[in-house]
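So, here come the structures, one by one.
Shared between the two complexes below is subunit A, which has subunit B as its partner in the first and subunit C in the second.
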Partner chain A sequence: MEFLELKNLTKIYQKDILAIDKIDLKIKDGEFLVLLGPSGCGKTTTMRMIAGLEDVTEGEIFIEGKLVNNLQPRERGVSMIFQSYAIWPHMTVFNNIAYALKIKKMSKEKINETVKKVAKMSNIEEYLNRYPSQLSGGQQQRVAVARAMAVDPKLFLMDEPLSNLDAKLRVSMRTDLKEMHKRSGATTIFVTHDQSEAMSLADRIVIMNTGTIEQIGTPNEIYHDSKTMFVADFIGSPSTNFVDVKIISKDNKLFAKNDAFELPIDDKFNDKLHGYIDKDVVFGFRPENLVLSSDEEKLFDIDVVLVEPQGSHSVIVGRLLSKQIKIVSDEVRDMKNIKTLPIKSNGIYFIFDKETEKRIC
Partner chain B sequence: MISKNLIVRTTFYLFIATMLIAILIPVFFFVSTSVYSEYEVYDFPRKFLPRTSFDLEIEWENDQYNLSVFDEANNEYELLIQSNDMDRFRLYLKRSLSIQLNNEEIENDFSLSKKGEPIYLTYKKDLFYNYKTFFSITNNAGKSVVNSVMAAGWTIIISLFFGSLAGYSIARYKFAGKSQLSLTLLVVRMFPGVAIAIPMLVYLIKMNLDNTMIGLAIVYSVGNIALTAWITSSIFTGINIELEEASYIFGASKLQTFRKITLPLAFPGFIACSMYAFLAAWNDSITALILSNNNPTLSLVIYKAIGSSSAIQLSAAGAVILILPALVFTFIIKNYINQLWGEVKL
Partner chain C sequence: MKNKYKKWFPYFLLTPALLYYVLFWIRPVLRAFFESMTDYDGSFSLMFFSKVINESMFTAALRNSLLFALISVMLQFTVAFMMALLLNKKFKGSNLLLFVALIPMAVPPAAVAILWKTGFSTFGWINNLLITLNLIKEPILWMTAKGYNALLFLILIDTWTVLPSVMIILLAGLQNLNKEYEEAGLIFGASRFQIIKDIIMPILKPTIITAVILRMIAAMQVWMISVMMFGYGRVPFLVERIAYYTDMVPMLKESYKMSLTYSVVVTTIVMISVMIYLRVNKKKEKEVRI
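Let's look at the complex of A and B:
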């Protein structure tokens, strides 16, 4: 069952700046959905329109089948965690969490009970009488989470809630948020520009770019079955290596050819590539799909620029036809005496249309 | 290092001391003058601290009392008056020496000297004599205090109401002519109140608001609305809009949000603005002279008293009366001002 539905959603700022361009999206009940994209792609605007903080220029938003376009934020039954936490500095932690409950005119005992419960879940019980300025960033973040949980919402909105935390805390908060989602079962929309955060949290990821949706899918679909060059580039660290090639046909066999190599293409792609013979396309290799090889089997050599050790593996930065190529290897540990490396494909690659940047196969 | 530190510290404290002296000596001068009796005002050399009592010598001579007072400068008794009229003594003691006694008390004490020997008496001075006199001899002094409070109160209300609305809209909304409006607000402050007082008087007369405190407050507000808008807009800008949005999300209406979130956060700024408004209204005498001469404020009354009276001790008493409420007001709001400087965390 659809919990939230966006139909043809459009946002235009100041009459001519198109921020969101006709988005359609359906979110299932209890799903953890991540809106992912670079800054300025419209992910936060989308979330703010769902929350009711931003007017909708065109299109419709349905929550549980009910049109909410003209409802005030407080009438939508949503809860939100803000990027700046937005906890009120002139109230104690207790009053911050109890704010929404007091407005609902809950009884004092019930408020006490609820606040204690969510404070315990967020590990901030001992700080209830403190002011936010007396707390660390991580504790403030927990207060914001506790406040959002206290109202027991049907829909959680999280606007880059982890971006102000240091790297270690971010990873542990990530786990906490995921656990919280499992426990509460509330539908959650999470906005981030951090692809590893998105991959580890999401049931489904929505990748946005310049106001449109590039691809919707599970983290694995997004990674292994990227539909566009943008997605292949944005997801994965290091990102996908793109190589310009030309499709040529020799004796009924297709090859990808450029100045550095000639790669035979699997026959199963023949149908899809039929119209691209003698045309330029873009090959995308994930870093782990380019592997070190022996000199006999190699597809091409790269000029090694530098090696970034990551402990368990190394990222080798090289050049092919004056374009940067990054591959992941656990064999090369440093670049002493290494000038060039022979590389081959492991047979897994994306082929993109050069014009539309859409995936061919 | 040590000597350099010493020089820095010495210079610092010398600077502070100079500042303190420059401020405190005039304050001390008029506070002490306000408790002088008339006799002490014309004392020369002037005494550093006011007297709290007078040593008197009474002698019975030729069927008259000779009243002398001990002059510490010359270390001898100085003859003041000769009389046997108790009313004259009572009035003299009261007016010149600030000693409040009735005729019977004076006669009882003085008659002891009829035995032939001079007698020596010590009478306590009434330290608040000048203050009481100021209110009793100045026309409408009591009314003028009420007027001043009214004018200051209205100025605070008017300039806070309009100024904070302007400040909020400048901080939170985009509209055509916004930058021009902010500039215009500052231009308004360029005109001294006195300069616009005459044309304002014409307006006020037409609106039947001349010689009223509301009319006066409207004129004071002209400059203060601009200042308030200026201060509050920067305060509102400083309040992260997500704090208000969070309140909407968690169930509050716009009004509830303003009351529970925005207003408390902007409160120190409001306090600072009300202090500026208060001081502008409370300290002004020239605009009041033009606009409200027949219904004067305290500062106008004191201005006139200093200008026309030879009794400097009465003017000093008036000045202390004028400064006290301002001091009290400032001390009450001092914590909020500190907050504005970021000293006390919310």
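Let's look at the complex of A and C:
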């Protein structure tokens, strides 16, 4: 059975602003699920409805098969890490962690024991008597994690918990969170707009856009098998290069043709592309799937605009038919004397319907 | 040279304000202390303090002032805090409610007294309203209220007047509060009441202290509504006595010194009460920390 299920979940603000549009989602017990999307896509609203901090306009939320729509947050068995951490400034670290336990009327010894345990797990044992203002951002983050763990929740909710940390700390904290999840095994929903965070943490990623779910899948599925142009564009850095082409048929062989090139299409796609002959479609090339080539084998030339060195590789920014193209290469380090580069496809590409922006193959 | 200039420049900028304070604040205050502690001929004497204390109205004025301050501050804080909590929730009509709640702030004290005086007169609008609603048969003689009833009356009128100013301070504090503190409380199992008691009030403490101290000082100095409603001497307050001596009987030989002595007494009481309040708060804070 699913641990958490969202059915037809809808949120409308102020009568006419549609924040969440009929989403369905099932989450397995112990799963680490990441809600990923640009700001305003409804990911935080979805999480807040699951937590009970936001009313549900329509649809149902089930936790372990039980309808929780009308339950108070504290009756849902959830625990949350907030974006601002929201650790209470007038309480010591100890009291912050112990507060929920005190409300539950846990015995003093049991509280002490629990607080010590989670403080040790979160590496904040020596700060228990300090106030939040005396701690660094990373330490405050750990307090928020410890507080959330202390109540031993069935479901962890994390609302962009790493976004206020500096880049280096963010990476190390996310490893810690992942480890913690492995140890505790609690089902976790994690909201972020940072794709690398999502990719490295998630069992499955839910990509959201303007209140709807674009795609649900493992990090690899999301990247290598993007179902829509939005996903192909949003996931990956640099993002997918989109090129407008027309499908043409010559001697039973299909080609993608535009003013710059004519690319033979693998025969295995023939069935799917059958209805698209002589129509415009969009080709999506991931940056690593456009490779440098010799002049003989090249598909097209790009005018190099600039080269961004990244150390292990470089990002080459070029132009094709006055549209920007980004490719990655470990051969070109800088753009000394480079005006144009011959490029070919390595045979991996997405083809999208121009109207629906859905993937054809 | 340049350093010297830099060092003195701030003081130079402060001079006008400083001059103002010395002339119009420090000088009169020192003067008041001096006058209250000397005889007519200028020799040191506590005669006027004993005169003030032995005056027939003094005990009543002191009792009224303290009671007024204590009850009105508690009442105003409680009601204002509840109103602020309510108005802080965004709901339909909350802006209109805020607007209505702020109206009394725009009415000057003299107008307030007139408003209520006409209301509470035997054939005023309050009696009219009560009779129309069939709640009473005969008009109530409000204005003949004496002693504690009259004091309670004044407390209610004062509360009506100053509630918005207390509320607006608390509301400003609430609006600055990170909403996630409250939400964390909800998630981690606190009830509405526990959230207010354990989370909102302690975090809002600096704002609360400011609001309460401002009210305490103002409440100790109440006089005008009493005089406007009941005239001098009916419900005496400490500052009402000052006004009495400077306004009603300025020609008496002792009036000048009596009013200054009262001023010194009021100032001292206000300072002591504020100090006690701050001390109590600090002590509580220490207890919480342990």
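Just so we're on the same page, the second predicted complex is superposed on the first by the 361 of 361 C-alpha atoms of A that agree within 3 Å, B and C clash if a C-alpha of one lies under 4 Å from a C-alpha of the other, contacts with A are read in each partner's own complex, and residues count from 1 in each chain.
Here, a residue touches a chain if its C-beta (ideal position, glycine included) is under 8 Å from a C-beta of that chain, and two chains touch if they have at least 3 such contacts.
Model, not experiment: these values are computed from the prediction.
So, on subunit A, is it clash or fit between subunit B and subunit C?
Subunit B/subunit C on subunit A - steric clash.
Would you check which partner chain A:M80 touches, where first means subunit B only, second means subunit C only, and both and neither mean what they say?
So A:M80 meets both subunit B and subunit C here.
One more residue to check, A:V151. First (subunit B), second (subunit C), both or neither?
The answer is both, since A:V151 touches subunit B and subunit C.
Applying the document's definition of touch, where does A:S294 land relative to subunit B and subunit C: first, second, both, or neither?
So A:S294 meets neither subunit B nor subunit C here.
Contact-wise, after the overlay, does A:N337 reach subunit B, subunit C, both or neither (first, second, both, neither)?
The answer is neither, since A:N337 touches no partner chain.
For A:W88, decide between first (touching subunit B), second (touching subunit C), both and neither.
both
Touch check for A:Y99: first (subunit B), second (subunit C), both, or neither?
Both: A:Y99 reaches subunit B and subunit C.
Based on the superposed arrangement, let me know which partner A:S39 touches: subunit B (first), subunit C (second), both, or neither?
Neither partner.
Name the residues of subunit A shared by its contacts with subunit B and its contacts with subunit C.
Residues common to the subunit A contacts of subunit C and of subunit B are 51-53, 72-74, 78-80, 82-84, 86-90, 99-100, 103-104, 147, 151, listed in rising order.
Please give the residue numbers of subunit A that touch subunit C in the complex, ascending.
For this pair, the touching residues of subunit A are 51-53, 72-74, 78-80, 82-90, 92, 99-100, 103-104, 147, 151.
Which residues of subunit A touch subunit B in their complex?
My answer: residues 51-53, 72-74, 78-80, 82-84, 86-90, 99-100, 103-104, 131, 133, 147, 151.
Touching residues of subunit B toward subunit A in the complex: what are they?
On the subunit B side, the touching residues are 240, 242-243, 245-253, 256, 260-261, 264-265, 345-346.
Going by the contact rule set out above, which residues of subunit C touch subunit A in the complex?
Residue list for subunit C touching subunit A: 178, 180-181, 183-184, 186-190, 194, 198-199, 202-203, 205, 288-289.
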